[in-house]
Every structure is written in C-alpha cells, then in structure tokens.
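Before anything else, here is the set of structures, which you'll find just below.
One chain, chain A, appears in both complexes that follow, with chain B as partner in the first and chain C in the second.
Now for the complex of A and B:
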C-alpha cells in the first residue's frame, strides 16, 4: 500500500510542477526548415524556360515523405517574391515534377531518396534534402550545426542544371561545393 | 557584421508552438494549432540560420511502415533521461525487460527468458555490427560504453527479426545507430559526478571538405561497488574504464562511405586483472544504382577479451555483408548475403568447466531474399526466406510472412507468422566438466514459430498508439538432462517445449506543446513442459525468470524556455523464482537547465524511491540496484 501511496505522491508532484507557468524552448528543427524552404526561391535564378508569368507562383514540391505538414503550407502562404507567391505541391514520386522550381526530396529509406534525386536530374529544379533522412544529398542539404539549422550547398550540381544561387545564400552555407 | 541576435523572450509564441510543430505524422502527435511557422516566416534567412532549434521531435525511422512491434528510442530521449550507460538507456523501451544484475552486468530480453544466461535470443547490432557472443549467444553489455550523445536512435523490435536481420533474432532485435559524422561537427564535453558514479565524455567533429566529416570521441566512467543483496556473492563489483573511437562519413555522387572504429578497456574490482578490453573497425559503402535500385556492402572486424574470476574468454570476428534493394513494379525486393567467421578461446582456471576444444573457428554463411508485394494501395504482403549455414551446426531455414493493411495514413494493422532459431552456442555443445557433465554434440537449434498481430496509428491528433500481441510456440529449449545415475552424469539436451503469449502497448500523448506523456505496458506468460524422455536437473534455468507485467510512464516537460524536466516511473511485477524477487516501483528524474545555448547543467536521479532494490535472482552475480543522484554539465563549442 505504501508503494501505491508513493506512486500517487510522485504523480501529484509531476502535476504540481506542470501547473507552473510554462514557456517552451527552442522551435523544432523542422519548423525552421519549413520556414527556410519557400525563402530559397528568392535566392535562386532559374533558366529562361522556367520563368514565371505575371502573378504565377513558384512551385515548391514535396516529393516522397512530407515531414512538415501544415507548417510548410503556412510558411509558403506568407511568402511573396517580386509579386510571385509560393505554391506547395505534394507528389508521391518524381513523376509530374516537371513544373517544380524547388523540390524537397525524402524517400521512405535513404536509398529511396537517392532514387528520387536521380529521377530529377534531368530538370532545372533546386533539390533539397535533409541529413536526418539519410546521406543522399540534393543541391541544398539541411544539417544541424551547434544546435542550428544549417545547410550544405552543391553549387556545382546546381550550375550543371542551369540554376544560379545568390551569394547571400552561399554565405550562409555550412559548406559549398563550388562550380568549376 | 551587424547580425541581430534574437531573444527567446521576444519570440515567446514562436518558441512555444514551433516546439511542437515538427512532429512527424508517424510517431509524435502533431499539435492542434501551429501559428509558429507564420512567425518564423517573418525572419530573414540569416536570422533563421542563427536560431537555436530543438531537434527532438522527429522520429524518422526507415522502418516506420514496417509491420513489426517496433519501438524507437531517440538520442534526445536518452539524453533527457539522464542515462549514463547503454543498458540504462534501454529501460526506455517498454518492450524490453532490463535487469541490473550488479555494477557491470545487465540481463536484457524481450518477450521473456530473462537472466544473464538465458537471455540468449536477442540480436543486438551497433551500427550494423552484431555484438552477441558465440560463446553463449548472449550479450556482454559491459563491453559497450559508447558516447550516448552520439547515438541517433535505438530501434527495438520485439519478436522475430524476420529475414533481414542476422542470426539469433528470435525474441527481438535491438539496433543502435550512431549519428552521421556530418551531424556532429564541433565540440562537446560532458561530465557527471555523484556519490555512486563519475563520468567524463567528449567528442570533436570536423568537416572534411564539403562532402565529408570525421569525429573523435572518448568516454570515461568510474562506478562504485553496489551493496550486496540477500542472495548474491561477496564480490566487489566496482567498475571503471574507458572507450574511445571515431566515425567518418563521406559522400561521392551516388555513393556514401562510412568508416568507424572503437577501442575500449575497463576493469572490474572482483580480482586484480579482471576486466574487458577490445577494439573494432567497420567500413560500409552504399550506392544508388538507379532511381529504383541500390546496394550496400559492409565489412567489420571485432575483437574482445574478458577476464573474470580466473576465467578468460576472447572472441575475434570478421564479417562481410552485402545487400541489394530494387523496386520492380509492385515489388520491393531485398536480396542479400553474408559470411562471418569467428575464433574464440575459453580458458577456465576457476573450476572444472571447460570448452573442448579450448579454441575454435566457426564459419557462418547466410543468404536471404524478401519481397514486399503491394497487392492494393492499402494492402501489402511481405514474403521472406533466409538460409543460414554454420560449420558448427548446419543449415537452418528461416521463413517469414507478413501482411500489412494501411486503410489510411493514420492506421496500420499487421499480422505475421515467422520461424526463428537460436543456433547452438559453443557452450551448448562443447561445455564439459569431466566426469559429471558430458559434451552434447547432438544439441540442435532452439526453435520458435511466432504468431503476431498488431496495430500502430494515430487515433487522435495528439496521440499515437501501438499495440501488439503474440503467441510463440517454442521447441527444443535447453535442459540439463540426467543421463546416468551411477556415476551421476549430466548432458545438455533439447528437452523443453511450450508456448508463451503476451501483449505490448505504448502510447505518446502530447498534452500541450510543452508537455509530452509516454505510457507503456508489457506482459508475458509462459507455459512449458519437459518433454517425455528428458529430466531437467537445472530446474528450467533456460526459461529465465520474468515478471508477468511491466508498466511504464514517462513525462517530458519544458517548464520554461531553459528548464526541462524528464521523469519516469516503472512498475516491474514479481519475478517468480526461488527466492522470489518482489515487485517494485521505481522512479527516475532529470532536471536540466540551459544556462546559455552552449552550457547546460543538470541533476539526474535514478532509482529514487528506494535506497536499494533487487532486480535479479542470480545467486552467483546479483547485487542491489541503488538510488543514485548525480550532477552533470554539457558544454558545446
């Protein structure tokens, strides 16, 4: 019986503490990544055939798994880049990714991510991957450095697909693979 | 450069809501409202890059859609729980039973059979390296002291590991994965001090160009002896030592390379010279071949030796594995194979038990194929077969059939039938004590046919739930048979058969963005009998001694933006043994305070409710698990 009593006491202690005014700590890494994604469009130049008509939105595609959910929709909804909004599309595979300007790519397993990236190689799309999903890297590869969301940039790969990346974004990268 | 620094107080609502925002739909429930991302959107990319983040919430496991009883312990959970050793971290999994036997030994199992000697039906992998011993098929947990801060996650599967895992995956699989070196750039130092234990650990990681990174780590610990209980021996079990190592990861096009290794040495105070040492090195290469196929090849070398009470044991392992994955239409194919060779040595100067021969090399080959067939968009069938051949005990076939039904994104129902075996260890066949114990060359594999079913899903926006049930039919479990009465002669044999059944369930409830609750329970019931023609003199020792029930509750609360409380309660039912081990309730708690972004102070308490309690009935080994409180700090640079 004393055991049960102690159990109740400990639970009470927990509940008591919970009533204390609480402010949560840092935002989740995913929330910050979701905020980053639509902003990348501002710092990337696409080849002429991907130029947008007046008022048309940039297309931000999430291919494979979507770790962001509504966070990404909300972040994209508030983004305005020279009169263009950012529309989020979710695709199960690389099929139909033709109009994508940016593609966050994450397969069910790391190898799947690699396959999706390969399938996108023929298009001028800025591919974005996450180190937590696996080692396969897109042009921008999220990672965590000292508790902050940072990213590697593969400028050589981007240039090979006709994309140019602004120096402001390159300056923020944890590492850049430069074009030759 | 005039870069504004953001005050966490300014961002109050951002921090609050975003904290809960990043949940993956699979495991951690999504919050009801997420105003956070709108607020984060107002920040510039420079500000976003400077924002400290909490990477705790996501549990991205490749196996999340796998139809098995899978529990994932994240690295963040381990740190939050204040664990200082791998076995203590494994207490977070409700589908494991963890017994602290003494200061350096633990017995850990899933779905029953627990004790140091009978917990021999588990496959444990550290970054793909199998760590169970071919001496007795069990795991010497005292050989492994990785830096817990480097662990990415631990997957705990209860039930047979199917065809994809290596040998010995009968009752469960524990797969420990460390972080990619590119995610551990910079420095970290951790120190803890308490009356019972002191630790110092640290790591430093640097980038190698833009596509690779390497880290080095070291981990040192010094534990006091535990009090002697009512049944254990008068042996000093103080334990101290270190482990150090490195891991490098590198990308080149569609290829990824990993190279890692560890070195360790530790001492037990039982007798001068007692302790363990060893080293290992592992290399892995994975490559995407096309958008529908990939392969992975891995090799490792591992060596360890143990010295304990005048007995010496060593094991050298070379292992090479290859695996090929391909998606062809509605089929997801995995084909693989591997070979392993071990050389062991066992010298016993303590008593008359001996392995004959004293040293032996074994060869183990395996080949497997598995196909997951998508019958309809919601229904998939997995068929797998593994063949395993050893130079010691011959060929075994391990088939496995799994059905998964995913009617919507939030619900997975699954069922499985598998066959698994524990192949004979050296002790099973070649242990002798002349003239009393005869070797048992006829000892065969212990066999299991397992029937399982389960549900995993997200019944509400803020709750995840997993329930699995199992019915296991075992045969040929080890007995110590009486073969002759005059003179008295004993021989190990496969004399037990029976079944076990039980249930495991766990749930995560996000009560508020800052408050998470985890509940868990497991139960296992066994019913065995000695087969006709056998007499078990060991008193069914090989069945172990398990509690019927275990209950777990954990809470994580972000009390302020810098103050975090983790607390856990566990109830472990009575262990029906002679002498019986009483049921107990124990609690742990960790209160941590982030002084600045780079400095963290914490106080961690274990076994808080009693001065000491007994977890194991092992009369040759058991000491009391004791209350301990330690102060710790983590510095990042």
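Now for the complex of A and C:
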C-alpha cells in the first residue's frame, strides 16, 4: 500500500467521523477525547465489587477541571454497553469518587493532577489523564501523534488496581507499560 | 459335441454387464465430484465467514475509536490469504472505514453501494459487535479455489475412476475370454474323447483283423504243409501200393519179388523218415540219445552222401583229431546232416563242392562243444531268405520239391540236443551251415553202427502182446510168431495186467497209446507187482513219453523193422536171464 493511499484512508476516516456531528467543521481534539471516554468502558473489566446491577449505568467521573462540557454528555448519552448506559459525574476532588468506574483526572496544575491520582490509588477506577494538562499519567494518557488523538496505556498500574484491559484496546494504544 | 446355441446368450451378456459396471462406476465418480464440489462450496462459505468473524472481532476496537490505521493493520493480516478478493470495514452508519482490493479497486465507500453478487466470489457480510452494540459491518469476498486447482483435484478422482473402470473392463474381458477358452477346451476334450473312443474301436477292429489274418496265415501254412506231405506220401504210397499189387501176382519171378519187396521196404522207411521229420519239427519226437563219435558218423555217411548228392558234386571232409563225442539221437543227427547236404545240392544245380568239417568249439554257457560245418559253393542266400531260413514251411524250392521242413528239423534237433545252428551266407558266395553240439565228455558208450541184416533166431519165450489196433496187432503177432516166440495177444492194458498176473510170461511188448490203461501205466503196475518181467514199449508218437520219458523201458518207434524188434527182445530176454 502506497503512502498516498494511506493518506487517502486517513482522510476518509476523518471525513466519516466528522460527518454526523458537524458537517462543516473538523472535530476538535477535545471532541474526539470526549467521544473516546465512554467507549473505554467497553474494553475494561472491573473487580467483582464494582459489578453493575441490572439497568445501572457505568459511572464516568470528571475530577477536577472539565475540558469537555456538553460534548462528553452527548457522547455518554449515546453509549450502550451490554445494556448499561454511561452516567457522567463531575467531582471537584477525589472525595466521593467511590462509585466511579472511569475517572478523567485533570487538576488546575500538573501537581494537582498528581495528587488527585494519588488519592484515587486505593480504588479500582480506570484513571484517564491528558498530556496537554501535564506529565502526570493515569492508566490511560491522551496524547496527540501526527495530529491524531492517541493514548498510552499503563497496564501495570491498572492490573495493580484489579482492572483488566482488553488486548484489543492495548492494540490501539500508542504505547503500553506492560505488567510483569 | 458343439453347442453353438449357448454361445450367443453368454457372449452378449458378459460385455453388457461390464458396460453397466463401467457406467455405474463413472456415474458414481461424477456423483462424488458433484458432492465434493457442493461440500467444498459450503466449506469455503464457512471459511469466509470465519475469516470475516475474526476480522470483525479485531476491528471492533479500531471502529470504536475510529482508528483507520489499526483497522488497516487488522485487514493486513487477512491479505496474506491470496484467495481473499476484497475486504471492506464499514462503521455503524455504513461508511467505509478501511478496505482492501486484491486486484485493484477497493470496495465502495458506502455499504449500501455494495453489489449483491460479485462474479462467483464467496461473499460474507458480518456485523461488528462491541459489548452488545452493533458498531459496524465487515464485508469479505473470497475467490473460490481456482478452476485449475479444483480440476487437478477432480482429475485425480477421475483418473482413479477411469483406472477402476479399466480394471473392471479388463477383468470382465479376461473373465469372458477365459470362459470362451474354457468352452473351447471343453469342446476339444469332448472331441478328443470321441476320437479316443473311435480309435479304441479301430484298434479292436484292427486286432480282430490281425487275428483273422493270423488265422488265415495259419491255414495257409497248414495247407502248404498238408500239400507237401500229401504229395510226398502219395509218391511213396504209389510205390508201396504198386509193389504190393505186383507181389500179389501169381508166378512172379523170384528176383522181381525181391525187388518189389525191397521197393516197399524203402518207400516205407522214407515215409517213416518223413513223419520223423514232422515230429522233429514239432519238437515232439522222443529222442533216443546215445553217445556218438561225430567223425565216425560222418565217415560212415560219406557213401550215402555221395550217392544222394550225385556225381557232379565233389564231397570233401576235414575232420579234426580233437573231436569229442556228443550225446544225441543218431537218426536225427544223420537226418540233419542229410537235410543240410540236400539243401546244398539244390543250391548247386550245376555241380560244385561240398566241404564237411568238424572243429572243437567253446561256448561261454555250454562249455566245450564241437562244430560240424557244411560249406557249399552254391548260389547262396540273400538276406531275406537267410532271415527266414529256419521258418517252418519256408522253401525256395518249387511246390512238391520240398516241404520247407529241412532246416526246421535241423534247428529243432540242435536246440533239443542243447546245441545251436548257424547259417552264414551271401548271394552268389555259397552257404556255410554250422551245427554246434555240446561235448558229452563220455567216451565209454561209443559204439559203432552195425547194420543189422536178416533175421537171426535168438532166444525165444512167452510174450504178452498188448495192442489195441487190430492191423498192427495182427502184424506184430505174425512177426513175433515168425521169430519163434509163443505169443498171447490182448487188446487193452487192463486185460494185459490180469493175464500177466495170472500167467507166466517172459516179456511184455505193449503199445503206449491205448484207451484206458496206457502202456506206461501198465509197465508201472507190472514193475510193482511182477518185478523182473521185462517190458518193451512201442509207439508212433506219445505225448507221455515225450514229456516224462519211458521210465527205463526200451522204446521201439513205429514203424519198426522186424530186426529192430528182434534185437530189442533179444536184449530184454538176455538181461532177464542174466
């Protein structure tokens, strides 16, 4: 496959993704991240105590700053995982994050992000961070590679919290810190 | 034997069966191929679906996260399979996220634009599911196995079937050929059996024909013999009858009377010699062997031979000094020599030489022998004649001139005496007949031949004459009476025994062959009950004597001369007295 063809493919993909929400503008990086966040729940397994009852939604918590706003709410609303919806909770701190399945963590400063992550270490929650907000990494860490939203995965940390991440997701990651 | 009506049925049935089997085999082969093709299509459909499933599973995450590159990578693994013609990954809205076309164009960008049927390809469309939600579609089109590949696979099956069909055909043909050959063989065996039976019939017919031929030969030989003997006998009887008639004439001069009587005696003795030869040929002649000096016998016969052979034949003798004596019947020996000489004479109608030789000889089995050879300078014999020379009744002489018994007598005498006879001859070079006789090694009994002449009156006595034939009986009675004996004649052995036991006799003179008690039986009984009473036997020919001998009693052969009888009686009475 030639380089030109590959370019075409990427272009086509971008067009496809962009088609539904806004035909006029290309999706922003934040919009892509907002679309990604609820989908992570599909590829993660939680320990037994975090299992959901019938009809109960996955808890997607945004701790600290919320860069997504309505985009996240829209993405979560359309998500259906084995009959469970995804509910978005916004929390100012790690306190009250007990029922969270996923947590996007972004402090006011990079150091704050580190503290929040530290506070969540005792819980089986998939932590997600963004390179734009600082070097501190959660289990999933957004980044931009060649203009595309990609993510790193710290599988070792996830395993330490009792979470299992699907190999399919690992295959999509820009980099994986594997558990031993 | 042939059964052509059975052949057509068998012959048309065999190839039909073979053709039916071959057709069945081919149909079965086609069925197998069709089945295999259908199965293969199903299998490929299944395979394509499995591949689409695998792809759907592996593109779920890329679709979720809109990662076209990852989707392409997932497709990349499928591309290894060259049978996959095209792959399309569409998202939930039906837009193509990733795609692959082996031979050029990718699948259409919209799922709805996808053609329903695509040129013989096996197409599988599988939804991409992620945690219970349909997030897209994977469409995979694969080429069926190339025709050449399938064909080569079916070619193998086809070849196998064709080979099987061929085998069946060959086997069937071989079977029918075998059957045909068997049939032919059977027919041939039948024909052979028939031929064999025919041959057997022919053989038995031929055997019968041969038997008839042999019988005819026998009758012919018998006729020849009878003719020859009748001729000779008639000649002799003419002389005897004529002379006897002349003797009956009154007032016959004394010298004529003597001459006619002499003629009768001579003719009779020749007739006796003739019957003697017949018996010798039949080898049934009772031999009276005595020890003979061969040289002396030959010397005694030279006069006779000279007279018999005539003046034109010169007789020479060369007798060895070392000649041994032989034990043989004198009369027969003389007769043999005479027969050989007469043959030699007949072989030399214009005269010639006859050489008689004796020489010592030796035989591996029989020991010392003496060879008496008679060589003539006559015409000799060709090989065919030589081979048949000893054959009875075979003669080269004209009818009436010979009986064909001469050499037969020689042969019969020689073998009966424990000797042998050989002939060497070549046409135009004369003939040598050699008589081989075993040496007796006993010179004591040599006695010279003394010609008895005239009747001498010797001892006389009371003689019991036993003879069933009246003619011979009367003659013998007259003769014995003439010799001065007191004769009592009886006609049977039983009567003779009664008289011999009741009265006193000096001698019994008995015929051998009689109805009831034979002469030999009588002699035996007398030896038991009247020991010392001498018995003289007389016979023309007797099986019994030829078989078992005379039991020590003297035998006088008929026809006998008066002087022979007189001498025998003289000796018997002399023995009794002493």
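Throughout what follows, the second predicted complex is superposed on the first by the 155 of 180 C-alpha atoms of A that agree within 3 Å, B and C clash if a C-alpha of one lies under 4 Å from a C-alpha of the other, contacts with A are read in each partner's own complex, and residues count from 1 in each chain.
Methods note: a contact is a pair of C-beta atoms (placed from the backbone, for glycine too) under 8 Å apart; a residue touches a chain by one contact, two chains touch by 3 or more.
Quick caveat: nothing in here was measured; it's all calculated off a predicted structure.
Trainee: Scan A:169 for contacts with chain B and chain C and give back first, second, both or neither.
Mentor: So A:169 meets both chain B and chain C here.
Trainee: Using the touch definition from the top, say if A:132 reaches chain B (first), chain C (second), both or neither.
Mentor: The answer is first: A:132 touches chain B but not chain C.
Trainee: Touching A:160 in the superposition: chain B (first), chain C (second), both, neither?
Mentor: Touch partners of A:160: none, neither chain B nor chain C.
Trainee: Quick one: classify A:94 as touching chain B (first), chain C (second), both or neither.
Mentor: After superposing on A, A:94 lies in contact with chain B but is clear of chain C.
Trainee: A:56 contacts which: chain B (first), chain C (second), both, neither?
Mentor: neither
Trainee: Where does A:118 make contact in the superposed view: on chain B (first), on chain C (second), on both, or on neither?
Mentor: So A:118 only meets chain B here.
Trainee: In the overlay, answer first, second, both or neither for which of chain B and chain C A:29 touches.
Mentor: The answer is first: A:29 touches chain B but not chain C.
Trainee: After the superposition on A, what does A:43 contact: first (chain B), second (chain C), both or neither?
Mentor: A:43: touches chain B and chain C.
Trainee: Give one of first, second, both or neither to describe whether A:81 is in contact with chain B, with chain C, with both, or with none.
Mentor: Touch partner of A:81: chain C, not chain B.
Trainee: Hey, what residues of chain A end up touching chain B and chain C alike?
Mentor: 6, 10, 17, 20, 32, 35-36, 39, 43, 168-169, 172
Trainee: Mind listing the chain B positions that touch chain A in their complex?
Mentor: My answer: residues 8, 12, 14-16, 18-25, 30, 34, 36-38, 40-43, 45-46, 48-58, 60, 62, 65, 180, 182-183, 185-186, 207, 209-211, 249, 251, 254, 256, 286, 288, 290-294, 296, 325, 327, 512-515, 555, 557-562, 564-565, 567, 569, 584-585, 587, 594, 597-598, 609, 636.
Trainee: Touching chain B in the complex: which residues of chain A?
Mentor: 3, 6-7, 10-11, 14, 17-18, 20-32, 34-36, 38-39, 43, 67-72, 74-75, 77-79, 94, 108-111, 114-119, 131-133, 135-137, 143-150, 152, 154, 168-169, 172, 174-177
Trainee: Write out the stretch or stretches of chain A touching chain C in their complex.
Mentor: 1, 6, 9-10, 12-13, 16-17, 19-20, 32, 35-36, 39, 42-43, 80-83, 166, 168-169, 171-172
Trainee: Taking the touch rule as given, give the residues of chain C at its contact with chain A in the complex, in rising order.
Mentor: Per the touch definition, chain C meets chain A at residues 57-58, 60-62, 64-70, 72, 91, 93, 95-98, 109, 130-133.
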